[in-house]
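Before anything else, here's the structure in question.
Read from first to last, the chains carry the letters A, B, C, D and E; within each, the first residue is number 1.
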């Protein structure tokens, strides 16, 4: 038979997360492929309907593992929109710091993650080591390294601990001085360039067809299509930052944008720490016990710019103590499912993990 | 004859102990490179013996037979190697024996892994063989120059010729282009990045090794240590003048191997056709230039 | 000298056996096939007994026979191959369209080969040469394709005509047909020598399938009846080596053309005409290797590998020192055994499964382990890996190439040698290893009588790999009578220009290594036997074995690198098209039937005659 | 409220029959349409710059015996988000695919089909299972599906011998 | 006859002792991120904790791996594949379960897609607590595993062999069929 069937995942070193790409290969060219998701399906949307508004705060970060704070943010934004709560000013700035730190950690992970598919494991080790320091900062702020449950409806759970600003700044300065090393190790590495330049293209038409967002979209269209700019939340309109863009999207471009965004995140956090006002950090959502909150009826969708693109929740409340329905838009849903089916064929099996990696696909947010 | 075979056993034992320890040290050095502490220096021994002690699976007789052929072929090759002046069969350490006897081991491993029925193993073997076409031809052309220049293909004689007057008679100095080419080929032989295509865990989940576990894996690990020993020793003997003392040998070997490993850890992996293109552009041209220089101009003889 | 045991008797006997086989096959197919076995076996036995009569001269009517030592060597090799393959005829009687004609032609071809190798004069040589060509030309269409036969004949006719031209030209100048005498005379005169060299050389090149005449090989070998492919590849192709040997060594062209040409201040290692041969050999190594890597058909792949190996033989003969010619002889011997064995195992696979498409096969090792082992030994020899005989010949050739400092030729040879790992491994992997297709679930091992020759050839390959000096001693004698130095053989050791080889020692050490590995294997815990489908699939589930069998476009990344390279196939296709057009023009003018081939060679002959006249 | 949004809604109102409207956020409008209008509405808003379908979701209004399909589209130029909503019958949930307008809807439709049982005619693969495997019950996100009961029925739970908070874990 | 069996048994025992020493200090884990707890594994592997000090490292395929890490909740789809992977592993093999989800379902106790008790389906040698376990906890768990291997207590795989029917019954009860055969898996 001409075709053979190969699997990329679920148990495969080239697969981040737990999903399976079924590839029909002829020679070494992928002829057909599709993603078999659902290995991480936990029925979040159902479980959330069974928990109170407050209980859900513990549940939602677990939807997306590398960058859980975006979940908390959109969930809080939805409740705030439904209940018409005004969030204290300081909380906005703290949220921004947290979100950008989370973006940094996710970008570091993804940027170092290129080490998996290309075999440059050193990048992976270095990046993970730096990411570890962000997690330590998170631990100090929120009490947990990965799942923070920190951004809650009405603000943030508690104020920043004293002196954390300096620690964050120290880390940022340190990271900023180290980033050029990453550039030398990864972006300017001739062997990495041999794999990534002019490889795994993502033209603008495909972006629009699939509905790809995030770095994929910005790298192809050349526009600042970033929710932080287009529909700002928190206080992104008040800080000064650039959105790196490009008009030719190959694997190298997307990696470069990721790298440049790290600088921007550092920039944003520094400004935020600088400009952050004092005051309260949490507004009351409703009276009485938090477990018996009732959120006014309504249907609202909120989205934030996660490291991989538009991350949104659609929340329906019928005025009860529990959400009536929550739908999650994973940022990598379009490229992960339709993209793999339509645009992975034609690539070589050597490039399949790289395709999966540089398209920014994260299986837990697809599966929910 | 019997003494020869016993010497061969001695070389085998030395090769195993030294290369396996060095692999452990190498893992430690790589760990430092990656900002870690790394394992103990004898970790590689533990891994090998652990693998041997496990109950693996077998996919039929060729799966086992190939492994034995691989290890047997490689051990036979090691027994021919001249190390620090010791040679099991003086005069018989012909360069071509190493190239082709090494191939027995490779063939055995390829056969066994494809015998597992896993397509990834097939792809891995395909890549390994394709890569072999890439690195072997420039390497052989350089060796042609050396053999032609010194008029002998015996490794111990080649080493002796180079030891004549210190570092200046090393082929490293006399044929620098060839040395560079051979070192690039050595990276390919050792399967170091960027020429790691046939292992490529992220792409084909470790290629030929995909189905091995238990004693078969342990034996292949031993085989890998021996193969590394042969390849690095060949380089040391052919270009760095071999060694007259154990310490000299170990020092040269260490430098060659650790340098390869460090290069490997700062680079990503090529795709297989990029490997071929790479080898057939620069190294093969340089190799031919070097060989022509030796053959027609008499430089470096 | 007893006529019963002599060369003419063998030839006549074989012709008689051919007629007998024809008649008997009409009555009983198996009986007829048995005659081919017995006839070739008897001839082999007779020829082996004739070893003491080397250099005897006999005549049969007008035809003279002289049993030279190289003639004996080639005859024995041929007879061995024919005898081995004839066992397969027993099983192929049902599959071949005209079994009677097949058996008849089979023995006629054998008689032709023996005759050609032992002919005393050129007329005999040419007649027998043509006998081979015609006999095999009629056999080839019994397989898959008539077209293959046409291609084969076209190329062969070119070679034959070239040889005929040479013979007649030399006759007109020397007045004799006697091979020895004519070549001696020719070697006195550079012009005669050049004509002899070119004409007989071309005949040899065509026969051995060296670039640019390699095209017929895969066509004919791939499409011939499965039993005849090993004959073509293992046997008849080597006749080209014989012709090349005549042209280069017997008439010592390397002495005749010896010049003091300089290149980059260094004296050339050999005369220019020999360089051309070496160049053609090197090109055919590369082309054959690349094409073999690309082949999707089991038999075509082995056929292309024959092209590459033909390149080694030609290079060996053309370098013309004792080590290289000895290597070429050894290579002919080793490759004949190995390629015949490989084709026989292909035939066994066809016998059981009915296909040679590699992508449709797979996992046959679990059903045909012996065929697998035979193929394994054959490819180890073809790839030149110890302890098989192919290693010895390649070692000798490399020694000689490096000794002469032939950088580019050696590069091609190295490429071919490493490339051979690629193409020989592919059938191993695609046909024998991997997943067993469900449709071949009930396949059985080849029948016993097929196993006999396969095992025989494998054992010989192994034997001459471990103790090559048995053959090399005889080859050394051939070299000495041909005026070259003998090989340096001490006991079990072969000495080259820059090194020594003790194949027995290598084999012994390999055996010891294997034994140690076996011990390591045995003392450790026993493995669990699992099914072939119980394999790593990234923990996903799959149930179709074919989808897990990697065989199609095996070297896809490598093939892509030269898919747009210039190809001789395309050149010939264009040429044929042009000839067809010209032929149509001619046929419109002169004939009513299709004469494209004849016209082409007529044109060639005319050109050649004009050219010859001006010499 | 955003001025652009007002103009847009007025424009849409002039073209299509609007069943209901809501403005949950400054830059967001939720518009209800009859199910027959959805395709033309989506095609129209796409031509107005809403080039991205962020998500297609479904809400199970079990009391009304209706499914509500929600198409959330986004305009990257203006930052305006629309919820285009419609209700379909719950007892025979069928709708037509919008993949011709938003190709990216293909897998969202499969998702909705899998979790709610809404069939999308014209989407060739919509009937295939995607996230679940060997699912043997009603589509799980319907309101009448009790996941706890399903879980208890199917997966054994750990029984604790004692009240672990007081007695501690007995070894 | 009996004598040789006894001899073999003795050899096997002696061999066992030696091999346990190696096994304890060379644990290869299967690269299988079954759930969210896997996100802390890279941290445990990198500079701060450096798992390789314990001789642990990731391995590509189940055949080579010694330990299967169940990093968190298991959806049915994953459980099916985990069982397949576990059965493909070479013995002795160990199983380390992360987080409360493997213990009692954890936060997903009421989910329709996530199993509640992993020990019903596979034998577990070590549980590591925490949602998700911090790298310290992970390292500690591995240290425990090493201790257990040394003390001959990590016998989950033997338990699995002995009680295969019971495990099989539970697996089939949850999964319907052990190996899925549908249009995606031809």
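Keep this in mind: contacts are C-beta pairs under 8 Å (C-beta built on N, C-alpha and C of every residue); 3 or more make two chains touch, one makes a residue touch a chain.
Computed from a predicted structure; not experimentally measured.
Under the contact definition, chain B and chain D share the contacting chains A, E. Among the remaining chains, those touching chain B and also chain C are A, E.
Ranked by C-beta contact pairs, the top pair of chains is B-C. With centres taken as mean C-alpha coordinates, the chain found closest to the middle of all protein C-alpha atoms is B.
Separation between the centroids of chain A and chain C, computed from CA atoms only, is 64 Å. In this assembly, the C-alpha centroid of chain A lies 30 Å from the C-alpha centroid of chain E. The mean-CA centres of chain D and chain E are about 38 angstrom from one another, to the nearest whole unit. One inter-chain figure worth recording: chain A and chain D are separated by 22 Å, centre to centre, where each centre is the mean of the chain's CA atoms.
Looking at chain E, residues 31-32, 46-47, 60-63, 77, 81, 85, 88, 90, 110-114, 180 sit in touch with two or more other chains. The set of chain A residues that touch two or more partner chains comprises 4, 10-13, 22, 28, 36, 38, 41, 43, 46-47, 50, 125, 129, 348, 367.
Multi-chain contact residues of chain C, defined as those touching 2 or more other chains: 528, 534, 536, 538-540, 542, 544, 547-550, 554, 557. Every pair of chains that touch is listed here: A-B, A-C, A-D, A-E, B-C, B-E, C-E, D-E.
By the touch rule above, chain E contacts chain C in their complex via residues 32, 61-63, 81-82, 84-85, 88, 90, 179-181, 185-186.
Within the complex formed with chain E, the chain A residues making contact are 10-13, 16-18, 22, 36, 38-43, 46-47, 50, 58-59, 62, 65-66, 109, 124-125, 128-129, 131-132, 135, 145-147, 364, 367. Touching chain D in their complex are the following residues of chain A: 37-38, 41, 43, 45-47, 49-50, 81-82, 208-211, 213, 223, 225, 227, 230-231, 298-303, 310, 312, 314, 316, 324-325, 327, 329, 333-334, 337-338, 367. Contact residues of chain C toward chain E in the complex are 528, 534, 536, 539-544, 547. Those residues of chain C that touch chain A in the complex are listed here as 359-360, 537-540, 542, 544, 546-550, 552-554, 556-557, 559.
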